[in-house]
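What follows is a set of structures for review.
There are two complexes below, and they share chain A, which is joined by chain B in the first and by chain C in the second.
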Partner chain A sequence: MILFKLALRNLVGAGTRTWLNVTVTSITFVLIIFMSGLYQGMFESNKRLMIETEIGGGTYWHPAYDPKDPFTLEDSHGVLPTEIAEQVIAGTGMPVLITQGSIYPEGRLRPVLIKGIPPEQQVVTLPTGILSTYAGEAIPVLIGAGMAKTTKLRVGDTFTARWRDARGTYDADEAEVVSIMNVENFQVDQGQIWVPLERLQRMLEMPDEATYVVVSRETSLLANPGGWNTMSVDALTEDFRRIMLTGQASMSIMYLIFLALAAMGIFNSQVLSIFRRRKEIGTLMALGMHRGRVIGLFTTEGGLHSLLALILAALYGGPFLLWTATRGIPLPIDYAEIGMLLDQRMVSVYPAGLFVGTTLLVTFIVTIVSYLPARKIAKMKPTEAISGRTN
Partner chain B sequence: MKLLKRSVYVMMPCLIWPLALAAQSEKVPTAKELIEAIDANLNARTSIVTSRMVVHGRRASRTITSRSWVEGTDKAFTEYLAPPREAGTKMLKLGDQLWTYSPQTDRIIQISGHMLRQSLMGSDLSYQDMMEDQSLEDVYDGIVEGSEQLNGRDSWVMTLTAKVEGLAYHTRKAWIDKEWLLPMREELFAKSGKLLKSSYAEEVMQVEGRWYPKVWVFKDELKRNSRGTEWIIDEIAFNQPIPEAQFAKAALRK
Partner chain C sequence: MDDNHIVEIRDLVKNYPVGGGHFTALRDVTTDLVVGEFTGLVGPSGSGKTTLLNIIGGLDAPTEGSVTVLDMPLGGKNHKELAHLRREGIGFIFQTFNLLPVYTVFENVEFPLLLIGMAADERKELVDQALEWVGLTDKVKSRPAQLSGGECQRVAIARAIVKKPKLIIADEPTANLDAKNSHNIMQILVHLNQELSTSFIFATHDEKVMGYLTRIIHLIDGRIDEDEHISEPEYRKGK
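The block that comes next holds the complex of A and B.
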């Protein structure tokens, strides 16, 4: 305890030098936590958006369906297996049928995915109910705000839609935009139009068929029912998780640079302290203090930088991190337009493990860089140290 | 004056009668006969064609020059010669498969699925349109609906309705010139009856004793203000020997 008090007194006594080191270390500490929390927040935001608007509690894919391979889409449709059909009848499953087609807004050709969805579904938060209120002759269409912006379509606009039926024969009809939804998930917005499922099944001559089925969050997924592939939420968000991990790995280079800057400052301070306090070291050893305790004193002095840095970080970083975790940072642009699944406010997520891990990492590095120069004390002779000489 | 009018009224049936009689006596060919006659004009064992495709965009037009080697209806190899951006691009069709080679990427890509519905070099033609090779007689029921004047020339009007499943176009309507036995205009319809595409021959030529379109215009009727795509034949030679290697995938990289 005496060692700790002595170390603390010496440290505070060093004045500006100490506070500069502490400030740099605290900035490093806050930055590491903030950046990691931001990445975690991006992942959580992406996952939440996907669950709410697209994947619910998981999906069943037609055996031929692979969304990453457009060549499979033509054959990716079939009648639902009994087990899945039961979930659909119970209202916990939402079948979606997809086909490729073209639309001609203002007479300009644009390839799209035409997606059929039951208007009455409650599985995802897409406002599909509006599709059932349409009383006109045209095909009622729901589009996202991004798609509306790209195609310059507005509610009430009509355009020609062209598709091929189950046998490959072209068909075309007029479609009308009945609603434009604001959805931050570009995967249900860009390059696609949503129409009532039954209407699409009639258009394609694919009665009772679907490409995939989304189940509600409260429903348990069945294991590959009827040969259809079960895709859990984790499996469906795996790609984004990997992207985040890659991003975090890149960010860790920046963390290392920050940590290196802080560590170099502390290392330099320690070297300077030991050089300037040779007489003190010699006196302490002459008075009977073991070399190990003298090394311990200097290491503790250095190590205390991390403690002071943590306190300082808590003072200014705490409110900042709390703000980012509750209110979130408003994003300057709509990231959906550039193909990123993000909320309009970026809310960070800070798991407890992040604080503990970062604290341990910073403390460990600071202690190590404090100890390394202090090892020199072990080689000092008390008589020479008192006279101000070092070997 | 009244007398003149009365004379005309009296004389009119006398003048029209022989014409109507002649029209009645004109033998209306069957759809099969018309299709065979068209095929005899348009198809050959082989053909080597140098052509230009003029794609009219909203702001400007582009001319793409190509040379094609065609054998029957199954095999076709096309090399694009100009403009520089497209020069060196090659396309090989074997049956229902299509590959393209791009010199920029030095890669051969198979065009299939939805990509077949994409526009060919920005034109009003899709890859799918290029792929159609079945004999119309085999897949459509044809009816000759009568005779019409098209651009001042007598033409047979024939409607074709799909008799097999899986054809891209459910219905086609063609105007076939009575003398040249060439489809001078064609309209392609969706199942709903909506007109999707049209094409017409703007100029014809006689090559090796057969009539052949010199300038052919294709138009996507769903595109508003589309000026269509012109296909102009500069040179064509029929029944010339083409080495088998011309239709090998390896020829794409040469």
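The block that comes next holds the complex of A and C.
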């Protein structure tokens, strides 16, 4: 306790140098927490977005379906196994049928995925209900805002859609945009058009068939029913989680640079202060402090940088982090266009472990760089130190 | 150890390693310091005054011989035990004052009491008393950089006496002061010596200091040349 008091006196008495080190350390501290929280927030908001608009409580894939390989699409459709069909009838499952096709807005060809979805579905938040209100002859189509931008399609525009049916015969029909939806998930937006499931089944001559089935969030997933592959939410978000982790790993290089900067500043101050304060160290020993205690005093003095940094970080970092965690940071770019899944405002998520972990890390490093130079004191002779002579 | 003795030195030799061999800074020193004595080590530069004070203070170890301070034989003691001896029983006054620069006058004087873990109200009382002795009650909040040399040395004296140690070791306490300040300092020390019967041991070549000493040990080339007891020191007359 007395060491703590003395160390604090010395540290505060040392002035500018202390505050410089404390500031850099506190910036490091806030930066690490902020960046980690941002990544965590990105992951969680992305996961939430995917759950709401795309994957619900998980999906069953047709055995041949592989979204990463478009060539599988031709074969990946089939009638639902009974267990899955029961969930669909109960309203907790939503079948989606996918085929490759092309559209010709303003006469220019664009390959697209045509996705059939039951308009009355309640499993994901896509506003599919609008598809059933269409009274015209054309195929009613729902598209995302990103798709609307790239194709310059507006509500009420008509265009030609072409596809191949079950027997491989090409067919074409007129389609009309009945609604444009604002979803930030590009996976349900870019390069695709949404049409009523039954209509698509008729167009393809694949009655009652689907490519995958999304179950609602409250429903528990069955294990590979009828040979279809069960994909859990975790499995479906795994790719994104990996991207985030890689991103965080490359961010940690930046943390390390800042941490090294803070550590070097404190290390330097310690070396300098032990050199400059030789006479003081000798005096402390003459006054009856033994070496271990003097080393303890100087280590505490250095280590206190982390405490002051923590307090400073709490002062300006606290409100800032709170703001990013509640209001979120507005993103200037429309990420839907560049194919990222992001909210318009990025809300950070700070798990308690992040604070504890960062505090421990910073305190540990600061204490080490404070202790290393202080060890030199043990080699000093009090008689020489008192007079300020060097070894 | 004789009850009356505060320091006992027997056959003390101190060698410093120099090059391949060694240099003998003290040889065959045998003497006792008696409680209440106001002793000075006097001798030419390099005669071993500082070396002897450092050994008595447990800051340096003898090569041969035995030294007992405040009933504690210093031989074979580790630096923790020696630090304890200094903390509890010895006050130091240095030629260059050696105040702690970031502390105020009050905090500097308080420091030895913090080290022995004294309670705050008790500390305050003793610090105020010590500052009164040296006449610095109006500078409590000043820092060393704001004080004159004489004032700094008075703070250092207050720091040395605040815990009322049995022994005060002072290495050339007046060497950096002018005549007026030197006398002022010495009078304060004499006063303490008389009031608290604190024992003092000085190293000095200052004639003014010698005028206050009750005993002068003359060192030449690390050897005691003469041990002089003075019944009526020049500047103490009439006291």
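Everything that follows uses one rule, which is that the second predicted complex is superposed on the first by the 391 of 391 C-alpha atoms of A that agree within 3 Å, B and C clash if a C-alpha of one lies under 4 Å from a C-alpha of the other, contacts with A are read in each partner's own complex, and residues count from 1 in each chain.
Following the convention adopted for this analysis, contacts are C-beta pairs under 8 Å (C-beta built on N, C-alpha and C of every residue); 3 or more make two chains touch, one makes a residue touch a chain.
The model shown is predicted, which means the values in this text are computed figures rather than measured ones.
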Since both structures carry chain A, what do chain B and chain C do when superposed there: clash or fit?
fit
Which of chain B and chain C A:Ala14 touches, first, second, both or neither
second
Vertex chain A, arms to chain B and chain C (CA centres, degrees, nearest 10)
150
Quick one: classify A:Met285 as touching chain B (first), chain C (second), both or neither.
second
One more residue to check, A:Pro111. First (chain B), second (chain C), both or neither?
first
Pick one for A:Asp234: touches chain B only (first), chain C only (second), both, or neither.
neither
Check whether A:Ile2 is in contact with chain B, with chain C, with both or with neither, and answer first, second, both or neither.
second
Go through the superposed model and pick first if A:Glu120 touches only chain B, second if only chain C, both, or neither.
neither
With both complexes placed on chain A, how many Å separate the closest C-alpha atoms of chain B and chain C?
71
Taking the touch rule as given, give the residues of chain C at its contact with chain A in the complex, in rising order.
54, 57, 59-60, 79-80, 82-88, 90, 92, 94, 96, 98, 100-103, 107, 111-112, 114-117, 159
Quick one: which bits of chain A touch chain B in the complex? Just the residue numbers, please.
70-71, 73-74, 100, 102, 104, 106-109, 111, 160, 162, 164-165, 167-173
So in the complex, the part of chain A that touches chain C is made up of which residues?
2, 5-6, 9-10, 12-14, 279-280, 282-283, 285-293, 381-383, 386-388
Which residues of chain B touch chain A once you look at their complex with the stated criterion?
112-115, 117-119, 162, 165-170, 190-192, 194, 196, 220, 222-226
